[in-house]
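Taking it in order: structure first as structure tokens, then the write-up.
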Amino acid sequence: MAIQTPLVGIVMGSASDQPKMQAAEIILDRFGVPYESNVISAHRQPEQAHEYSKLAEERGLEVIIAAAGRAAHLAGVMAANTILPVIGVPVHGGHLGGADSLYSTVQMPSGVPVATVGIDQATNAAILAVQIIACHNPELREKLRSFKQELSQGLKV
Amino acid sequence: MAIQTPLVGIVMGSASDQPKMQAAEIILDRFGVPYESNVISAHRQPEQAHEYSKLAEERGLEVIIAAAGRAAHLAGVMAANTILPVIGVPVHGGHLGGADSLYSTVQMPSGVPVATVGIDQATNAAILAVQIIACHNPELREKLRSFKQELSQGLKV
Amino acid sequence: MAIQTPLVGIVMGSASDQPKMQAAEIILDRFGVPYESNVISAHRQPEQAHEYSKLAEERGLEVIIAAAGRAAHLAGVMAANTILPVIGVPVHGGHLGGADSLYSTVQMPSGVPVATVGIDQATNAAILAVQIIACHNPELREKLRSFKQELSQGLKV
Amino acid sequence: MAIQTPLVGIVMGSASDQPKMQAAEIILDRFGVPYESNVISAHRQPEQAHEYSKLAEERGLEVIIAAAGRAAHLAGVMAANTILPVIGVPVHGGHLGGADSLYSTVQMPSGVPVATVGIDQATNAAILAVQIIACHNPELREKLRSFKQELSQGLKV
Amino acid sequence: MAIQTPLVGIVMGSASDQPKMQAAEIILDRFGVPYESNVISAHRQPEQAHEYSKLAEERGLEVIIAAAGRAAHLAGVMAANTILPVIGVPVHGGHLGGADSLYSTVQMPSGVPVATVGIDQATNAAILAVQIIACHNPELREKLRSFKQELSQGLKV
Amino acid sequence: MAIQTPLVGIVMGSASDQPKMQAAEIILDRFGVPYESNVISAHRQPEQAHEYSKLAEERGLEVIIAAAGRAAHLAGVMAANTILPVIGVPVHGGHLGGADSLYSTVQMPSGVPVATVGIDQATNAAILAVQIIACHNPELREKLRSFKQELSQGLKV
Amino acid sequence: MAIQTPLVGIVMGSASDQPKMQAAEIILDRFGVPYESNVISAHRQPEQAHEYSKLAEERGLEVIIAAAGRAAHLAGVMAANTILPVIGVPVHGGHLGGADSLYSTVQMPSGVPVATVGIDQATNAAILAVQIIACHNPELREKLRSFKQELSQGLKV
Amino acid sequence: MAIQTPLVGIVMGSASDQPKMQAAEIILDRFGVPYESNVISAHRQPEQAHEYSKLAEERGLEVIIAAAGRAAHLAGVMAANTILPVIGVPVHGGHLGGADSLYSTVQMPSGVPVATVGIDQATNAAILAVQIIACHNPELREKLRSFKQELSQGLKV
């Protein structure tokens, strides 16, 4: 993790999600986007989750990536307390084919969106974060163009 | 609503849930259990939801009934912040047959249970609340026995 | 199992559910709540299931936890015959992602609730049982507060 | 309903199922198979359900048709208490596309089968009952052959 | 397999279903009900399937058990061509949690029922077949009563 | 219907499917592809279904479109008895969101494909039939190119 | 539609999606974010879809919102051809509870994310677009804070 | 792969689909139908996918088989750009039981059909391709008749 101020805050509901979320870190490292990773459970650590999301903007984060399984409320809790874009990664928890995590993450009520990616798709969450941050960052846009070019030539991510 | 201190706190994620939740109020009235009803969205009003659940116990509530649709996080938010039993009512929001609300309510992570009843089952949420409160209340237990007797004789609820 | 009169009656539909249900026993032991565990199939031993649920209240039980898989009727049979709160644990039986057990447990008709927890969530069933029993038990409430505190500090259950 | 001893016992979980179950009565009338119809809820009237199924055989019934919705336990309760073949009709209760009723009816544990027909398929339940009774009844078999012939010529049921 | 005329005809869509269907043979052997077993694919061997079902009655069969996976048409093809009761066993083919086999077997159109048992439930298919044959067979009924008694005492099937 | 020998045989499981299947006839008329339409139930009229599919090739048909609902076996029965390409239209029968028809049509076993289109997609079934017939018909290919051009300009089908 | 260069490009697969997508336009108007709306079908107008997405960045768009139903590929086609963040709105097309649109939109392969919002959630798509554009726009961030405040006070969107 | 001009173009979204798609090649080899196989991702290589489908007809291909998983757009992209029949193979990507791939492939909008086969059914895709090409090829029809005969005698494919 770089010593720069993190722009992306990765949070996950359980330490057991860490192996899956490393795929996001690999992408952010590749694009040189500073980030931080924390395990915060929306249900077991509601105060921390509440605080994290409320302070995210003033701490300089530009995007939050929240990963959780089953009744996956973490992304929703983040989105409730910040105006930053929140990306949700539904983690497959072993039942219902992963539909529980997906529905809990994506079916948010009007007013509070979560930008949901595919089940266990930490990689795509990170690319989406980069795309968002690249909005006013020509250098990052250029890197995204190169990345897209490499994908078309067979790069595996 | 009685002037007694409420023992059951009904919260619902949207004012549009009120017609469905009146079925719970009818049951609680029938059993003479004092309650209060509030519309609090876990996502649009996270502070209020946070506060409500944290103060519930000291305000004298004994059970919380939380009803919400789609990515139904309200019951989970309540359960995260209180040691009171929280009953979740998944409200059918119009898509996925109601599976989204059900999965979001019931599939809670280890450590933070939500006592989930059937989709749109406000009636059963209230009966369950009465059963819980009746634990050390012989009079309420007697009423529950009569109620069960009436059910067996064809009473519609 | 303590020599005290059990307050929680754990029943499960098959001996094969026992390894999963030990998680409930660990929680009840932790909180010092006396319990008993029995294998009773709603379908293969209907008389026993019928009797168990009818006698539960007078035997001093305060909560029943019923775990079963597939067409999981055990919790419903219990709830039909007692005014005690019945907690249902849908056990994943290998097909349909566990939706069969979940739907069979949670979608109870008006008048007869089952407090359903997540698929295979014996731990949460037990915590919910403790929360219910704690209603008029300040000592147990205090233990629940400590438990919640420990959860927020990373305790795994 | 004929004055003959009924051979088929139709039970349904709610009076609201009666319009759907009339389709079964029409078929049984057509084949001249005597039957009886009763509303018995497995959950609201467990004693009656228990008694009905235990006495079915000695009362001369040869087949039971049980219809119920949502967490549809009625057929399972019948099957638990009798050695007669039990036909289950999953009734669509308005949620989950009817999957809740279907799974609750068909996914019975080893040892206790329920002969499940399609969702809301009272007609097929009755035809299946006739097929079972026809096992040693040449006249009924002949009627079934004629019926099949009529079906192939466009008869609507 | 006994040298008696078979009363139950077991057909399965693929030789790969044989290990699962042995559970049905064990039950029929236990009850002394003569049977035969054949692999006939409704789709790869439509002539044989057609013939088998059309000749079943005159060959003396009283019940057909048909097991198939995925788009499981075998039971339906049987039911289309015979007035005998046809029991369908949906075999889990590896996708969709087994819902494909279940829906294909159970959701039959009006006029042509299939008595569907649970996914992979060969055991229950055989018990149901015995229950049907027992209709006018006091000895078999007695065996079923004993079997039910043994089940209630913990017999595993 | 033209007096030319039909190239496409439309079969549907129930007369109630006719309104939906008219969309296929409109497409075939537009492309000048002669066709015939018949109501044949795989389950109520197995002989006719059997015969139709066995004679289809020698009668000059080049493609079969089979539409059916619920346990939708009609396309599978056709495919079992002919080497012609068979297009399956899963018809939504009112339950399970249409998943029953879809799974019953598409999940065919190895060796016997059904070319499945979307639920209730009679239009696409007909276009696919034209695409298949156009394989060696330059005039029809030209019409398909024009049709695709019109679609891109906003033509509604 | 403002005369400013649009920052958000709304595309939808069918003119029939327009009523639902007006909810997005209302939000963008409220925040003063210029946008454009076009009906482009990924399947009927692949050239236009291809061109639109390839030119989006150089035309000055910062975010694309793509709405489509059933096999909803429009958002995926957009995401394949641009480095801009693409927000997908799964439109309920009448079958499968909307699961078809949702799965087609969200389950993107590694390398090409679509930021998916809830079924028919045009409102949330627009809010998410504003959140993304606000990344380096303090005025827009301030408006988002006010909006969040209004939501918490009961504003309906 | 033969040196003849390929008639069938197999495309798959990922190199990881190759082991599954070899089953299609085995069938095409058996029938002597020349083919080519390419890995082209609709999302990572949209230009190639676009080009491939637009040139398919003039390159002499008669049928395209497209296999992809999750949000499986490859077959749809092919179908959007060619008048050739396109066969879609939904590949199970590990979540949701394969329903994501199936729905994304089959639920195409009016005007642009994809001939969908079962999940992971590369074998059936190839047989369907042969059936289509055989339309005006008596020799290939004869081979299909022999193949069907062999299937009925137990040939495994």
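The first chain written gets the first letter, and so on, giving A, B, C, D, E, F, G and H; residue counts start at 1 in each chain.
What we mean here is this: a residue touches a chain if its C-beta (ideal position, glycine included) is under 8 Å from a C-beta of that chain, and two chains touch if they have at least 3 such contacts.
These figures come from a predicted structure and were not determined experimentally.
Enquirer: Can you list every chain that touches chain D and also touches chain G?
Expert: Neighbours common to chain D and chain G are B, F.
Enquirer: Rounded to the nearest whole Å, what is the centre-to-centre distance of chain D and chain E, using the mean of the C-alpha atoms as each centre?
Expert: 19
Enquirer: Using mean CA coordinates as chain centres, what's the gap between chain B and chain F in Å?
Expert: Here chain B and chain F have centroids separated by 50 Å.
Enquirer: Give, as an integer number of Å, the spacing between the C-alpha centres of chain D and chain B.
Expert: 36
Enquirer: Residues of chain C touching 2+ other chains?
Expert: 41, 44, 46, 70-71, 95-97, 99, 102, 106-108, 111-112, 114, 118-119, 151
Enquirer: Please list, in label order, each pair of chains that touches.
Expert: Touching chain pairs, listed by label, come out as A-B, A-C, A-G, A-H, B-C, B-D, B-G, C-D, C-E, D-E, D-F, E-F, E-H, F-G, F-H, G-H.
Enquirer: With touch defined as at the start, can you tell me which chain G residues reach chain B in the complex?
Expert: 92, 97-99, 102, 118-120, 151-152
Enquirer: For the complex, give me every residue of chain D touching chain E.
Expert: For chain D paired with chain E, touching residues are 57, 62, 83-85, 87, 102, 106-108, 110-119, 121, 123-125, 127-128, 131-136, 141, 144-145, 148, 151, 155-157.
Enquirer: Write out the stretch or stretches of chain A touching chain B in their complex.
Expert: For chain A paired with chain B, touching residues are 13-14, 41-44, 46, 50, 69-71, 73, 76-77, 79-81, 93, 95-96, 99-100, 103-109, 111-112, 114.
Enquirer: Can you check the complex and tell me which residues of chain A touch chain C?
Expert: Touching chain C: residues 41, 44-48, 70-71, 95-97, 99 of chain A.
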